[in-house]
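Just dropping this structure here.
Going in written order, the chains are labelled A, B, C and D, and every chain counts its residues from 1.
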């Protein structure tokens, strides 16, 4: 097989998985219109295989010529990262903003366990995890698996670490049993993107662990249909799917960040990628975070492009595209989008190579700079766009009224903006502004791929703080014996009286 | 009659008015669940009359002892403004945030035409408008009218003034005909709060007019059931009304900011309060804006209180109420809310009195300071709240899953936060955070009661810019002959050498 | 005597006090031009006594007709607070921005110990502190004392409380000895405004204390000339005092926030206002903070007025006063200044009365809202002003070049802005913008009267957080048994189906 | 010669140039301590030549082996841009923040006229300007010229274009006469960095010109000693140069952004690089802006590194480096600095090549993103740093008091912070924070290399706005016939019902 058709993909999900949604149990995602629509985010990969324009971008080939999804190839050069980013840009362009593909988060988790396997095996001198991960990769390639990444535990009391929780021990996914064949896990993950629609979820730990937390230091792959797994799909506002006039984004593209409950689920050893080696937990976590923040932000480029485009259209349709104050705001929006793009591209183009294993990953600083910048400005961008678009964003009548002959002419006449712009265009743009402001996008801007607080923690961890301090000490003459490579052999600053004789 | 019962109020709306909503025509707002729910914002007045706790606050009495809604009384003292504000605080407390009452915007429009009538008649020396307005007030009191204010024209090309529009002449409501009995008006208003649910809409001009715009300088009262009037109700997301678990705010409280189309509508002279006296148009506009910005912000106090409360609950339920960084954010939120309250109260407590007529109105500067402050920070407040609340705001399952025995225990166990807090409470608070971020609230924060740009314009118009400049000139020794009362006779600043002998 | 002349004031400071400044010891502030200039901030009170225009504002009278500075009168009504604010507005107007008067901080400290004396005596049932404080007040009135307030200890390691400091025990002022006649104190205060120029410093604790910190719970009055007191005056940039062209503000008005070192200084009991009653320390602290934040902000009104005035002048002089984007920025500045004013006035006009003693003090919430608002926006305001003013703020030639005949005409010609504006005016305004951005003003904006962090702490302490939570619970249906007065008897929100039969 | 010694550089400036400073005329910059200190910014190049560590970085070589300053080489690859940036990073590291070197702005102007010469000659088909520019380059290389760039005209009324000014015609530098030998120019430039200390100023136009402005479309090189040139040096605060304790930055490093007045100055044709070809003026302007914004920001990296370092030191010295709220602020600062660095590096590493001439220049979008980001956050960064550092920044005593035996021990004892940190270090760091906040740095942050408004204008000019709009139209179904390359052949978004059969 190696690459599936869209039909094969959909069929592969009919495996008896248990999905609860709005009080009902479903075994097949095609049974409910909202669940069915969520599939579209994954279908794009399988649809693109069929399209000659995109084959080169999305496919790699085995030595025997068999094609497979290019994402399964571990990155070896900056170009590999850049190519994946181009694919993400393209997919979010096609899907009108946020997209994902069938392996969006999952590949980042696969990269994380791949990196970890190499580093752990190197360190322990035992070849164990590399073999498992690579065998799993082959399995995935062969079945062209749709993959989710499972990182976010439900966490309980946020102030307490995994082993210190009081109400029960399962707020973080943990190993409850271990046998010759594998392990059993219990726990629950929250907001796992696309989990309802994949063949495997790759679960990784979400934080550093202490020795007493070692049962929680676990990474593995699991099918959503495995015994003991329950999926609880998030509530979705009942917008009318397919009503692209009133809901240009939400009517098409629905996310499905579901809860995944594990009740003593058996995982065979070949799918276990970390088991109680608590010291390595943060390594998996940060490798995941790093890849995924870049993926998330590459994806977000599609959103910010829409944001700015919607504002430009509204300014024009309202007749204000030359108004100096409006232009000042538009310019800020363009800056915002272009800065996200510049940082996102730079993070992919300047990867870091792990010195011991040769593993290559996106620049951590740039990736986090990009993510923080995008997230920190999202709500302000929404404010600016809504400010430009006007109050109608909240009060616009339905497309059904626009297309009702009894009211069409009134709306055509009175909701017109600038001369020459069809009222229909203006209404569509207003509906777009409305959809862009949806709460899921807002919350995702902050929390997806790690919250603002997570990036802030990262900056203090990974930036060379000693360089900053050395610069300050150099400038004000503090000599405390510390030596920084950039400063210890630096030429003294030139002083006229010392130089000119 | 003088005060209606709730039933009488609802019956009074069954007058044949024509309401289009999502492609259908309704003549009775009780026919559709969404339209019916919109009534609740108005019902509160009529319900409160019945309640002995609130009679003193909401009722005034005629000399003959007949009670009437206190809002019909024109404000004569600061206490009158403060009392109305207390009523607004109370109503938004009861209704859980944004409220209105059956006369919310309408009273502000009535105040505007009252003020204008006194000023115009004073200026022209002809007693005309005062009589009409006072007669209309009596009519309203007698029927205990629900009232809307109609200010916002659809405007067309925002760069063009009323008479300069190119596509047609009706982008601003205008007088198309005038006879012995009255006038005929054509045009369309946008986002007229509660218009579907009132007995009268009081229409006022939304901007200053030039002589060539004089047909647009018109103010009048009109019934939504008048011949030639069409109401087009805004599209509403089909949330489940009455599902207070999943939609604690939206499931209860639905706004209805509709379009009001006038097609050659006849208005008898007794309901015309401005007709072509274009010089007076801005006077009506700013009197309306002033009262209504205060009303809007008084109402918003209920919203910001909820915002902050939701964040406090989420911090606590997540176990983070003592986390220093979270406390830093909570503190910012409290400051935000308390500053809104301080400014809003100060604006009511320090009214201005028009020197020629004795008309009393809220402090314009403080009112606009309050409105701008609240609006400018809304999106940032949402960001902070969502940051505190966490990603579940976007991915939380439905209440139907929580109350489904098959999944209840899982959710009970895994969505628990801090020990001792029922999961139900945490879920409710999360749903509240979600509802608070609704796009209507966001757009209303910016555009309701006038956009940020409108306030900015106002500051430059009404602040004493000469005082600012005089201060700067005084401080840096610029002597250009200008004289400001505060500076012209000021003592020179004391200089040691000049003073100490 | 009761009110001093300016000469008498200056003479009263020649008491042998020991002032170190830039490496030298001075006993008389008039000996050095910078020290001498610092006097001007205090001289204004004594100069105003002489001026018939201001007598009513600045003087109160004993029953025997003897006049005294009105500040010595404890506030009894809102009008008293408002009148003091008017005096502060006036003085900062005269002095071109930040001012103070000879009792600026000292009166706030006197109010603090007055409040504390009443509350402590009430609580303990022993009349002790009230007598002392009132006797001290009489002493101050009689000698028309210039007064400083001494609150800020040097603090050492900010993470450690007074008794936990490691390097020595004197990072907070403390009682080192106690005898029948009085106490001995050791320690050091930092940035005590005007301390070099006063007759008494009233020292109060700067934080809450635990029992183990009780030696640090001390309040007292002390003369800067007392044995064991050393004043270390802050470094001042050597601008040319009196060069009002190049330094319109700094050339006139110099602050002197000095260090006050106590080395076993004897304080007689009659000047001791708190001694080891550690439970009452925070009471003194917050009463001081409260009055002083209001004083500081009332004073800041003068600064923000200048800020905005300078920007208005620069916009005009550059020919940009009608540029829409510039106007947008100017409008923001006006909003900023007017909001500070609104909050500051409201805080004075709405005082709180202590229920047990009747003591009246400014509204704590409004005061802190005002302080935080002003401080939080200072740097942004500077950015906006500099943005408007242009690069010349950094590169403008000296007034000496402007008045040098060899270069005058060139500068006259080329530094001209808008037609009709003398180049001299433009240069003066640019110099003003430069002076407004001085680092002392910036740091004072944040740290004077308590840092941003101090206000943030205050909001969480004094706001009614339970009201916020009750609102949120009410809105989303959380019933946890808690009862808030505003919510426990509230009418249920009206629901159509329940009301309409 | 080809590379000068420091002495030769200083001697080369003794050419009779006329410098006015604080009312006096100087012909030699070494005559006044402030003027002399300004030299240091340029001396660094000449000092580095002597240092074997830096030769590879700063020198290039002629075919005959003769060395010359590498900046004279026009960039041909991304590596050339990156290397120049490394040199700038290094120089600003050595000089403790803002630096420049002797050719800082001048090289950017030389690049601008080089680019323009190629483009103009290509367009006109006449080889004229390339020859002149290259001959001038050879002249500069041979004499190892110190170079300034002269772009900013004084501008007069900002609302009026060059030819429309009312008071006189010289607000922009213009050609007043033209002969066989060359041209004569009159006008005045403002804030020309380092002009007092260079051998040539390369003057370029600062804006687009209309045909009627053609006399103002002029670019040329001129010696500051040329007849008719007057330099007016900016006023400098009289800090004590060499007092590195009290003024760690200002005591060393003084900028000299002077006015350059041209009174009918003769420029021989070989130094004229644009003369009345008004259509090409914006080309020179933007090529200059582009290179110079990158230089300026590369340089600023040194400043932001200091900013963050100073904050890190202060947090540590105050004992607050582990305080969560302080860490939150530090993290923001690190993010700020790292984002500036990421953008600045990306702009150099991803140059654009002019398609017709092969001319290579930094990415315009990234360069402007970087500049805007750095400038927009400068004042906020200062606020955060001052907030962390504490009030002592404004009130710290002089180093002279610290080193005065009479007060040393007191200051040593009482200004101590965290245990183990010498008080001297803490004082030095506080002085650094003070110096970092100097007004010149603040104004330069906004206005140097073009104001915020200039970047904003640029974003709307150079970003592909049509791509943004196309994205929005695609997403909401607006079909207006416009075609964008990225969208016109895009695959339709996959819809379940269409794909799955």
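Just so it is clear, a residue touches a chain if its C-beta (ideal position, glycine included) is under 8 Å from a C-beta of that chain, and two chains touch if they have at least 3 such contacts.
Source: prediction; values computed, not measured.
Considering the contact criterion stated above, the chains in touch with chain C and with chain D alike are A, B. Taking each chain's centre as the mean of its CA atoms, B is the chain most distant from chain D.
In this assembly, the C-alpha centroid of chain A lies 39 Å from the C-alpha centroid of chain B.
Centroid to centroid, with C-alpha atoms defining each point, chain A and chain C lie 49 Å apart.
Here the spacing of chain B and chain C, counted between their Cα centres, is 38 Å. Chain contacts: chain D has residues 323, 325, 328 touching two or more partner chains.
By the touch criterion stated above, chain C contacts chain A in their complex at residues 323-325, 328. Residues of chain D touching chain A in their complex: 6-7, 10, 30, 36-37, 39-40, 43-44, 47-48, 51, 53-54, 93-97, 244-245, 248-249, 252, 302, 305-306, 308-310, 312-313, 327-328, 330-332, 334-335, 337-339, 342-343, 345-347, 349-350, 363, 365-366, 368-369, 372-373, 422, 425, 428-429, 431-432, 455-457, 459-460, 463, 465, 467-478, 480, 486-487, 489-496, 499-501. Taken in their complex, chain C has these residues touching chain D: 20-25, 152, 154, 156-160, 166-168, 170-171, 188, 190-191, 230, 232-235, 237-240, 246, 257-259, 261, 318-320, 322-323, 325, 378-380, 382-383, 386-387, 390-401, 403-404, 406-407, 410-411, 413-419, 434, 437-440, 442-444, 446-448, 451-453.
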